[in-house]
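The structure that follows is given in the form of structure tokens.
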Amino acid sequence: MQLGMMGLGRMGANMVRRLMKDGHECVVYDINAAAVADLAKEGGIGASSLEDFIAKLAKPRAVWLMLPAAITGNVVHQVAALLEPGDTIIDGGNSNYRAAVDLGAELGARGLNFIDVGTSGGVWGLDRGYCLMIGGPDEAVKRLDPIFATLAPGAEKGADNVATPAKADTAAHGYLHCGPSGAGHFVKMVHNGIEYGLMAAYAEGFNILKAADAGKERRAADAETTPLDQPQYYQFDIDLPAVAEVWRHGSVIGSWLLDLTAGALAQDPELANFGGRVSDSGEGRWTLKAAIDTGVPAPVLSTALFDRFSSRGESEFADKMLSAMRYAFGGHLEKKG
Amino acid sequence: MQLGMMGLGRMGANMVRRLMKDGHECVVYDINAAAVADLAKEGGIGASSLEDFIAKLAKPRAVWLMLPAAITGNVVHQVAALLEPGDTIIDGGNSNYRAAVDLGAELGARGLNFIDVGTSGGVWGLDRGYCLMIGGPDEAVKRLDPIFATLAPGAEKGADNVATPAKADTAAHGYLHCGPSGAGHFVKMVHNGIEYGLMAAYAEGFNILKAADAGKERRAADAETTPLDQPQYYQFDIDLPAVAEVWRHGSVIGSWLLDLTAGALAQDPELANFGGRVSDSGEGRWTLKAAIDTGVPAPVLSTALFDRFSSRGESEFADKMLSAMRYAFGGHLEKKG
Amino acid sequence: MQLGMMGLGRMGANMVRRLMKDGHECVVYDINAAAVADLAKEGGIGASSLEDFIAKLAKPRAVWLMLPAAITGNVVHQVAALLEPGDTIIDGGNSNYRAAVDLGAELGARGLNFIDVGTSGGVWGLDRGYCLMIGGPDEAVKRLDPIFATLAPGAEKGADNVATPAKADTAAHGYLHCGPSGAGHFVKMVHNGIEYGLMAAYAEGFNILKAADAGKERRAADAETTPLDQPQYYQFDIDLPAVAEVWRHGSVIGSWLLDLTAGALAQDPELANFGGRVSDSGEGRWTLKAAIDTGVPAPVLSTALFDRFSSRGESEFADKMLSAMRYAFGGHLEKKG
Amino acid sequence: MQLGMMGLGRMGANMVRRLMKDGHECVVYDINAAAVADLAKEGGIGASSLEDFIAKLAKPRAVWLMLPAAITGNVVHQVAALLEPGDTIIDGGNSNYRAAVDLGAELGARGLNFIDVGTSGGVWGLDRGYCLMIGGPDEAVKRLDPIFATLAPGAEKGADNVATPAKADTAAHGYLHCGPSGAGHFVKMVHNGIEYGLMAAYAEGFNILKAADAGKERRAADAETTPLDQPQYYQFDIDLPAVAEVWRHGSVIGSWLLDLTAGALAQDPELANFGGRVSDSGEGRWTLKAAIDTGVPAPVLSTALFDRFSSRGESEFADKMLSAMRYAFGGHLEKKG
């Protein structure tokens, strides 16, 4: 079927490619004309302006936005102004689900459909397919089913060693209608919150493995350094890439994130290309706000998020205060790094 | 090749079956004679006593112990007393790696080999293979390679969508010689520490999803209950089994633990068969002690462990103290559950 | 000077008493006429309706609201409708600072002053004085200085063993103009966030002391219970009330919360009157949202908050999921409590 | 009464001074002869060697060691070799309580008394008195009561606004016999664990206050930086020294640590003399090991400890791994600091 895609960055362009490969017709638009031209060469129908883009779409129109969260809200309103009742806007970006709840109500009142699609899969989605978490009105979501089915991985990619759901449904193909507008981004938000926790668990574990040789080091022997207790038990040189690899095969902690970690460690066991300033996108923050609002404990997810803040130096003043207190009550002088 | 297996519980018996299926000869022993008899029917060579067990093994002997951690130490010494230089004892249980370090030195001094094998895979290992993390002397580990290769999953079970290590090695087949005695259990210990963190991340996330309908509830409106902020954003009924299923397909957080979680939720979305008192075996505790000793931050892994303690009611007195303080400074009366 | 107080619950009534004792004139109002009558007997000027209340105030009027956060917003608007330019509304309750920011702008545009006062001191404030954190327009805050000075503890109550600020100011008397509207409640919000962290630190510590006799217990010896390592080191019967008392005298962790804790433990070392369901008011939640918004790590404060959620049973589903996973991969059966 | 003090560093020397001021006779020894000479000038009885030190003590001898934890064990054995049944060794340093348990048994078998005294009060103890947590045999502890009473602050320094324990006891004077050998250091250990949690709570809170102006900053607007939500609510310039000061007067979070923090901020609101590398002595680590062993949740205390590790750069590899994962699944490039 036909889909209009606006926003032809890495994610949007690859989704168009995956759709066209499966026979869908894609009308494509971006403020970057070169991005439009590239996809036009690959079979897309290029548009030269927003108006041209809308004009090239058959009714009921389906406009998928794949844009930075910061501008999505404005663009939705620009697009909506050009649409007619029965048309549909899909936001596949990393927007706050609350915006989707609000837009669903606002556009719904004008006869337009608003669908929010949380999209996971990253740069691998073109080949692997995208996991889609969808929120919006039933009829519009149903009408776009062929699009979702193509973008999703399909059933064959799942693990086969556990009980599958009693009723075969789209979830087993990698896409799910989660509820009304906002539900898709809500589920994606929690997905990312979990992602932070999983990543932190692996990272902490490998950091402990890396320290398994601590007993071999000569440590400072001053009052401000705690001596290593029983150094005879910390004499191991663990091969981190090999451990990551072995855990991929038959262990309880096998995962796609571990697969990727093994790949990164295989390239460079020291990960020297990375400085360790870890960004966070909004979803982890929103997940915690949802936990806080609803009174659900999320200590692991919050700790994982706060560690990212700390990795960017944001605990500096707090740390200085700890040193200031230690100096004030005990005369402890800070050690230099 | 030949292996002696002592301890024919769920894990030990299944390992024997997997070995015999691949053509190895297994001499089997357990204080439970029925367990011995069962495996003898399946092709194992049953032993009627520890002495008989040792006598039936060809030299250099290889004795694999698959026993509860609490008794492993004693049994190692009983077995060792019957062995000769060049023989090998393998501990495949959940022992503290420190015991393996000590036993490696002690038995090594007598010409015996001590190998510690961290074994992951649980009840699925018979079919899926076991992920093996091995510590011990090079020669003995090398001699037992056929045994490890059979127990491990083999290369075909790994994911194929990431860069594989430059040099093909046993890790890609699911087993790894991690270092001298203790290194295997050390790596397995950290594996389990990570496992706790991963599990907690999923559990917290699904708990937040479950609360996505909080805005529909009528909440108490008293001074001791924080009102829900903006209930219009918590109106979703999320289908947890379906979400678990969809995340298995193409998402960043796909994993074997998620596969199992999806299976459990498919059977019962409320998980009503479980009470929520979560046990911990020793590995998570030992992982944190290692982190503490070596000065490595592990806030996510520790939080995950402490949540298990709390699930068993161990924070009760601390919680009472919080209520007592609140009453003391503010006259706050506790709400009843 | 004159002050109108609306809301004569425990906090409001005591503040009136403290003000009258120091010679201020208080006009008092509450929807509960009995509360008004009680304070009228003690010297307050009772009002029979909101209109009567406003009419009895001299211009420029000063109306202090001491109401539940849930209704404060509405009442502010009702009161504001009856006021004239130059009048002032003070919110001394536990409102979200964001409401104060908004109200400051809204009322300011009409020539009214909005002052938010975070008030700490609880039931002890009548005698001890209240610590006041104040936000609002300079002139109005300055005009009410005599009121704040009376409510605050005054300089004599502070500790004398540290360097005092170079310039003597109101902070040393227990009240502080923190900035424009919202700043008072913002500082009070963070105050409460810290309070949660302090309380949790004490509670966890005492819980560990209570477990110092763990080596004396007979523990279950099954596969689901981790054995206690080296029980000879856990043979102490610590007298918790005595420890709380001794720490009050000269230790680094002396504090008013510890004073109160010592008092509670002296009455009942088991704190048997408390069930351990710990409420949280909004401030801890808002503190974390501020930390999340601004990218400031707050892992201790968040953990303290989430532990309160858990104390109310909110981690139950997450815990069930952990048990379900353990059963799925390892066949582990839950222990009953 | 007479006391022998060995180890005349800041703590030991000041304790001698406090004892002599109250009329006790102190025999003093240190390997640093200058330290001995200094105290001899102030009235102490100087010793020139360990043998001389012991010879100058009246029987039953009482030898107080105030030494770095790393050497205390050896010195105890050297001293013990020179003592006779009925004599007493007191360890007032920051030793692991487990050493005290062991030494109590070992020395007790030889008729010697071993007393462990956890000592809190830091550099302020000379004037303020030391909070003493004491473990050891009843009779020996009782005999030394005059020493403990002098070192402790005495009753007048405690807060008077809470119920005091029913029976007047030494705790109200700042010293407590907590139990047999090891109990003193155990209680002191938990004291320090709590201390870490309290310090972290304040530090996180002030860090949030410091960020209250985040809405005024121009923030990077790229895909790797989460935009600040609703910057209008983060427009405050909070005067941190003034807030610390005001909280000291009448608030719920008043404490001695806050007093010291206020002092430090009054000197320099930016705490620019500190770099933020926060040391930890062993007690926080041992506290967590005790919590782990006994199955007591201590998420706040552990988070506080791990933040100190992170302040020293120990999360660097973990952070690099997070960035490596983000790059692997999403092509995210790290932002530079």
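Here the chain labels run A, B, C and D in written order, and each chain numbers its own residues starting at 1.
Everything below uses one rule, namely that contacts are C-beta pairs under 8 Å (C-beta built on N, C-alpha and C of every residue); 3 or more make two chains touch, one makes a residue touch a chain.
Only a predicted model underlies this, so the values are computations on that prediction, with no experimental measurement involved.
Asker: Which chain has its C-alpha centre farthest away from the C-alpha centre of subunit C?
Answerer: B
Asker: So which one's got more C-beta contacts, A-D or B-D?
Answerer: Of the two interfaces, A-D and B-D, more C-beta pairs touch across A-D.
Asker: Roughly how far is subunit C from subunit D, going centre to centre by Cα mean, in whole Å?
Answerer: So the centre of subunit C lies 28 Å away from the centre of subunit D.
Asker: What whole-Å value do you get for the distance between subunit A and subunit D if each is reduced to the mean of its CA atoms?
Answerer: Here the centre of subunit D sits 43 Å away from the centre of subunit A.
Asker: What whole-Å value do you get for the distance between subunit B and subunit D if each is reduced to the mean of its CA atoms?
Answerer: Subunit B and subunit D have C-alpha centres separated by 37 Å.
Asker: Could you check subunit A for residues that touch two or more other chains and list them?
Answerer: Each of 122, 124, 162, 200, 202, 204, 207, 210, 226, 252, 256-257, 260, 263, 285, 291, 293, 295-299, 303, 307, 310, 312, 314-315, 318, 328-329 in subunit A touches at least two other chains.
Asker: Where on subunit C does subunit A make contact in their complex?
Answerer: Going through subunit C, the ones touching subunit A are 162, 252, 285, 288-289, 291-293, 295-299, 302-303, 305-307, 309-310, 312, 314-315, 318, 328-329.
Asker: Can you check the complex and tell me which residues of subunit D touch subunit C?
Answerer: Touch list, subunit D to subunit C: 97-98, 101, 120-122, 124-125, 127-133, 152-155, 157-159, 161-166, 169-176, 178-180, 182-183, 186-187, 190-191, 193-198, 200-202, 204-205, 207-212, 214, 226, 228-230, 232-239, 241-243, 245-260, 262-263, 266-267, 287, 290-291, 293-301, 303-304, 307.
Asker: For a test of understanding, state which residues of subunit A touch subunit D in their complex under the given definition.
Answerer: Against subunit D, the touching part of subunit A is residues 10, 68, 70, 122-124, 199-200, 202-204, 206-207, 210, 221, 223-227, 256-257, 260-261, 263-265, 271, 273-282, 285, 299, 303, 307-308, 310-332, 334-337.
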